[in-house]
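Presented below are the structures under discussion, each in the form of structure tokens.
Here come two complexes built around chain A, the first alongside chain B, the second alongside chain C.
Let's look at the complex of A and B:
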């Protein structure tokens, strides 16, 4: 099925947005205001639904007109587009959305036609599936690792780089002991937090990797006159 | 509007297609999905985390309530969503330079598609068909696709080295360690903020 690539699921949902000419704030505007207030980092609701690799929400106002000789046409509704890439199965993911971030989900989708709310999880899942569009072709460059595996690997990568830099030139016995300590520390490190834009990527075991700046400082600047 | 979350850009585009042409595009995607070597260029570009094309038939726009006005459209639509590293210009330039044949096979069937080469009318067309992202989240905002792939290689190498080096003498360990360092040295790039200008 094109909705899946390896272990990653690509969900596309288009939910028609309510129209109410008498409303003080139009529904599409209310959605946009809510989206503008949502954090995109580790405080994001999608960081709580931790199997999410990447997700976006978009208000699609209309289709496009590309000019003559094609016909100009317009949508009767605006649509809330939800595009997300996550690990695992669809039902499990939607259940997590309904149970773990109900306030955010309700605040957005309450502005859409036919939305039943998150209290009745089965009705919520049925609604989302009704609005789902099957992906025709889905590409995931890394499709065999979960979010947590990727974050852990990024943490490991930074830690290994630092370990190698710190332990250059050490005697074999000393190196072996240092490596055993390093592994122990790495295994006990707290799990990385999804969505955290921290320098050096996810939380690092040690944070003194200065070889790049040190090398830059040691490099003599050559001016054209020298 | 937030098309960008640190190192990743979220792009959305929609193009109209005559209904009979969508079957050709579907057939192309079916072949592209089945014959993995055809995806080689897409994989080798290595700056796209996830991308998808979605065809919506003109009669299949979701209808979630009996009071919702029904869509009456002449065209089917091709939606494109991409999560890539770098700037919009870099992305479209690379698409045009490396994937022009594939892109032409996909978008040739959309109304007034000018072709992916030359790049100027191609960019004008994409800009016209693109719509902005209102909210964008990524679990690893400081990591590019290459960072992610390199990190997994380091993780695999470390796991293997850990098993292999257990119960070795100090000298044996040091020899294995040097091999390990040589194996991972190209994958130790540091993640962090996107360069200025992206």
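Let's look at the complex of A and C:
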């Protein structure tokens, strides 16, 4: 089951992009424009499907010919590549995509061959499965904990660090009371919300956990010669 | 790999001089032709890596250039464009990567760095303070004679004289200057712990190409270098960063948290850095400093973190573990071999003993200079990923306690055990202990390259 690693599912989809020489804006350009307008961080529409660990969309143009001695080859078409790691089963995830972010999904895939749209969920699922290829590599940070478990663990870790910082050095009895109080509060805390909450939605719990995507340092350098 | 031609390599690349006084002169080139003349006149004074048969010299002199400096010396465009992009851009433009933002942003730097005026770095190291003045005056004479450059800044630095001897302490009270890597072909008394870790637990020098251009690096590749080969070969890149130290804040913070930490103030200080303030590696002696280990060259840099994966001896986020994780990431330490830098720094400003009052606004800091073949792959990676971020060490967004450009609520975790004297501890509310006051990236050419630059014969064809 290469597409599954523990409870995490790795989905790779290659959808052939329409070629229409008469179009004012070619379909691949239209996809690129839509992608460029979408936020890449936790406010991405794909983060609204709350079981998503990561999602990546790429327009694959062609095989780049790098000169001799390699031979020149070309793909039959351009492809929209969609990669995502999520919790649970494929059908459920695709259903959620169709139901929770139909406008964004349609805006992208309407430029692909044979795309039926999201209204007919069964047809949408069948189409996506037809475009699926086997996933063999996963996002490195995915470790068989659900998004919810990971967020809860991070929230707990940050809260515990804050608790220790506030209370370290206190006498045992005092510490015990404080800890009991803290534990109670932690248990009652609402679960953290994946993605960026909608305006007016439940507030994110304040901890000193910062979202890595907001941290410039998280933009990892890629050393080309490694 | 045979022995390197030490007479073609600037001395500061091959050895830390360990001379107590330093003066860095920053020059702006006034005119390309006369600038080259100026460099030509300096040539015979430049200290190379040749063996010191008669002991340490009275003084040393070294030279390096910013990219703008090379532009102002009229190097051919084909050479100028062939430098790695981070050097071409300079440190100021790399601020986002380096976390040189907020209080550390270029707008807050000293004017010579803020205005980007520096073309040339000239470094004098000497045994006596008076030599700085006499040699400084002599250099000024050469500047005036040729009219090729103008001194736009001077920075003095030097070791502290403490209890009747030169000390390698810095302002926070830590003994500095232990762990520089060994490189193949560099003649040096090697110490176990200073090169790369081998599968059998021994240590070997790093590939020459991690330090010098023109040689194979740890991946068996030649580092990205300018053309022609002669311009690059035996040269290296240098980072220069003037790091102001908020000594009062550091002392206050250590005092305050030291009272809460069961191990006490000095042990807490050791958990910040990974060395006790006398230099004892925490990994080797977690409970107390040990002067015997500090003196013992077979031991004072000879340790690994493989048996301390929980960080209960040396915290995972301790400065020396972050910046040189050795085997902490597994794979016998092979993940760090291309991320090593060679440090050549000195403190600046007067040393204030622990029992004397001190203020943050005082002139206290360290001139951080690091040499590496690739600024991008080595210095910038360490600064971005290991100092400014914690993910590789599984520390999330935590930054280096000492060097981190902290924001409110930043913390440093000290892992602990059930031993009441070694409890887990969280250092929260981290203030900025260190602030950046400026700096840049420099190219430190070989003697051959300097001669070519001076003669205007750099020929990339």
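Miscellaneous remarks
Everything that follows uses one rule, which is that the second predicted complex is superposed on the first by the 182 of 226 C-alpha atoms of A that agree within 3 Å, B and C clash if a C-alpha of one lies under 4 Å from a C-alpha of the other, contacts with A are read in each partner's own complex, and residues count from 1 in each chain.
Please note the rule applied: a residue touches a chain if its C-beta (ideal position, glycine included) is under 8 Å from a C-beta of that chain, and two chains touch if they have at least 3 such contacts.
Predicted model, so just to flag it, every value in this text is computed and none were measured.
Once chain A of one complex is fitted onto chain A of the other, the partner contacts of A:105 are absent, as it touches neither chain B nor chain C.
Contacts of A:161 after superposition on the shared chain: both chain B and chain C are touched. Once the two structures are overlaid, the count of chain A residues touched is higher for B than for its counterpart among chain B and chain C.
Of the two partner chains, neither chain B nor chain C is touched by A:97. By the document's definition of touching, of the two partners only chain B reaches A:47; chain C does not. In the superposition on chain A, A:137 makes contact with chain B only, while chain C stays out of contact range. After overlaying the two complexes on the shared chain, residue contacts for A:169 are found with chain C alone; chain B is out of touch. By the document's definition of touching, of the two partners only chain B reaches A:179; chain C does not. The interface of chain A with chain B overlaps its interface with chain C at residues 154, 157, 161, 164, 209, 212. Residues of chain C that touch chain A in their complex: 96-97, 99, 101, 219, 221, 259-262, 338, 376-377, 380-381, 384-385, 388-389, 391, 396-397, 409-411, 413, 423-429.
Looking at the complex, you find that chain A touches chain B at residues 2, 8, 10, 12, 14-16, 19, 31-32, 35-36, 38, 40-41, 44, 46-47, 50, 52-61, 63-64, 66-67, 70-71, 73, 75-77, 79, 81, 83, 85, 112-115, 127, 130-142, 145, 147, 149-154, 156-158, 160-161, 164, 171-173, 175-176, 179, 183, 194-202, 209, 212. Residues 154, 157, 161-162, 164-165, 168-169, 208-210, 212, 215-221, 223, 225-226 of chain A touch chain C in their complex. Chain B meets chain A in the complex at residues 2, 5-6, 8, 10, 12, 14-16, 25-26, 29, 32-33, 39, 42-43, 46, 48-56, 60-65, 67-75, 77, 79, 81, 83, 110-112, 125, 128-129, 131-143, 145, 147-152, 154-155, 158, 162, 165, 168, 170-171, 173-174, 177, 181, 184, 187-188, 190-193.
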